[in-house]
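A, B, C and D label the chains in the order they appear, each numbered from 1.
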Amino acid sequence: MNPVAFAPHRMALRVYYEDTDAAGIVYYANYLKFAERGRTEMLRGLGFDHSRMRTQTGVVFAVRRCNVEYRGAARLDDALSVETRIDRVAGATLSLRQSVCRGAEVLADLDVLVACIDDNGRPRRVPAELRAALAGAAAATSAT
Amino acid sequence: MNPVAFAPHRMALRVYYEDTDAAGIVYYANYLKFAERGRTEMLRGLGFDHSRMRTQTGVVFAVRRCNVEYRGAARLDDALSVETRIDRVAGATLSLRQSVCRGAEVLADLDVLVACIDDNGRPRRVPAELRAALAGAAAATSAT
Amino acid sequence: MNPVAFAPHRMALRVYYEDTDAAGIVYYANYLKFAERGRTEMLRGLGFDHSRMRTQTGVVFAVRRCNVEYRGAARLDDALSVETRIDRVAGATLSLRQSVCRGAEVLADLDVLVACIDDNGRPRRVPAELRAALAGAAAATSAT
Amino acid sequence: MNPVAFAPHRMALRVYYEDTDAAGIVYYANYLKFAERGRTEMLRGLGFDHSRMRTQTGVVFAVRRCNVEYRGAARLDDALSVETRIDRVAGATLSLRQSVCRGAEVLADLDVLVACIDDNGRPRRVPAELRAALAGAAAATSAT
């Protein structure tokens, strides 16, 4: 699957007091919350919300690795966007590249490796339905 | 100012993993985050975002009292709405009534007393511009 | 059961960046986190941690009501204490009074009503073992 | 400065409901909170709490990069420890290696690059007093 075939998924969000800290900026851990919202909405847009995926396929996602580069500081009341690209779909994992942006400015870049597991934490293959939906999204994008 | 004159402000939000806890439901403190988002968006809709109000009037808000009744449990992936009504505008405080709802079901009711303070924590009067905007919103609503 | 018979449970905690917001103070919802830590440690001290209680008795706690008065602002690096008193043990609920303090200064007072429920959210009686432990704690305290 | 010269700083912490999510485990972003508590206590142990460092030297810390490997899942009521090692002190940055452990089991490994900045976000050199304290800690450790 070709990563450039995917247009990034974009999700808008707003910075509230809950996201900031006493340094006047968004607390560094909260970019991971923003990224998880972006991944969740990308999957929901493909028809896979977490609850339904768990019920229908017995699979949940677990983050195995998360590398973050902080390039700028988001502040209270900022309107941000989270961009999410699927980098690679392997047997039991998804690799994603995500950015948290304020307009054209990239505030944080994230590389995230997500594994499919069952309720007991054992690795599971990426569900075929999800794999097909991701491939369909790629095809639709590269056709344009 | 007549509280029934105000239609409630409504803000939609989604429940993410970050909001839930090991009991499978939204953690009780997080309803206060949802309520603060609702108050913030109500004020932004009137032209008063926190950053601008602080810069232009020197006033910030501080919660003095917050009473919450928990009536139901929100869960992962739920689509919720936060309803916010101004109950009373006094000299230096606003009283608000807020509800976190899933469709028609009320999951939490909040009574919140917010004080206007300056950067040193001293009480300040509700800024005249905000008072006027709240009165204007009330008049517009009661005219319909 | 006589509330004054109980000496309050005390738990120390420290304020980190994660607890603060862009106003430079502890975010208002986070006092509920502090209070929940205090309740949890009080119960753990009596031999009832959440995990074990759920496994052994099938009971979990759910907060039904939480009233907070904010009297002062905690700041980064503050050393705080959470004081927890059992106010009343009823059939299926516990009433607690809690304070978040910085030295002798009370920063927040909380009135919390906690219900015992089962995994399906149905009310359950306060487990007899917990009831006995709370009575034992009261007797030990009033004997001193 | 030789990284192996430093014994790791250790900080104990407990997992509360606030740290967990609906998957029954600690939410992935919260390991960054745990790590920040560990860094803060390591610095406090050397005499450098954030508030005092800001007042006395005008310097605050900002995380520039944070790489996390998740190896296991922490759960409600777990007793964890955060181990923090200074890897390298450069002109304006500190590199740290941190682990979140449950007993001998490593649940998460973090590589963190922290920059010294002033209130306007401009890079600043690591304060000489802090540099000396870190060197002193290294010398004391390697002498044992």
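FYI, a residue touches a chain if its C-beta (ideal position, glycine included) is under 8 Å from a C-beta of that chain, and two chains touch if they have at least 3 such contacts.
Just so it is clear, the structure is predicted and the values come from calculations on it, not from any experiment.
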Key: Chain pair showing more contacts of the two, A-B and A-C   = A-B
Ask   = Which chain maximises the distance between its CA centroid and that of chain C?
value = A
Inquiry  = Based only on mean CA positions, could you tell me how far chain B sits from chain C in angstrom?
reply    = 26
Remark   = Per the C-alpha centroid definition, the whole-Å distance linking chain A and chain B comes out as 29
Query = At what distance in angstrom does the C-alpha mean of chain C lie from that of chain A?
reply = 36
Request  = Any chance you could list the residues of chain A touching two or more other chains?
outcome  = 17-18, 23, 29, 33, 36, 75-76
Message = If every chain is a node and each touching pair gets an edge, what shape is that graph: line, ring, star, complete or other?
response = complete
Inquiry  = Applying the document's contact rule, which stretches of chain A touch chain C when the two form their complex?
reply    = 17-18, 20-25, 27, 29, 75-76
Query = Residues of chain B touching chain A in their complex?
reply = 14, 16-18, 33, 36-37, 40-41, 44, 49-52, 75-77
Query = Mind pulling up the chain B residues that touch chain C in the complex?
reply = 23, 28-30, 32-33, 36, 60, 62-70, 73, 121
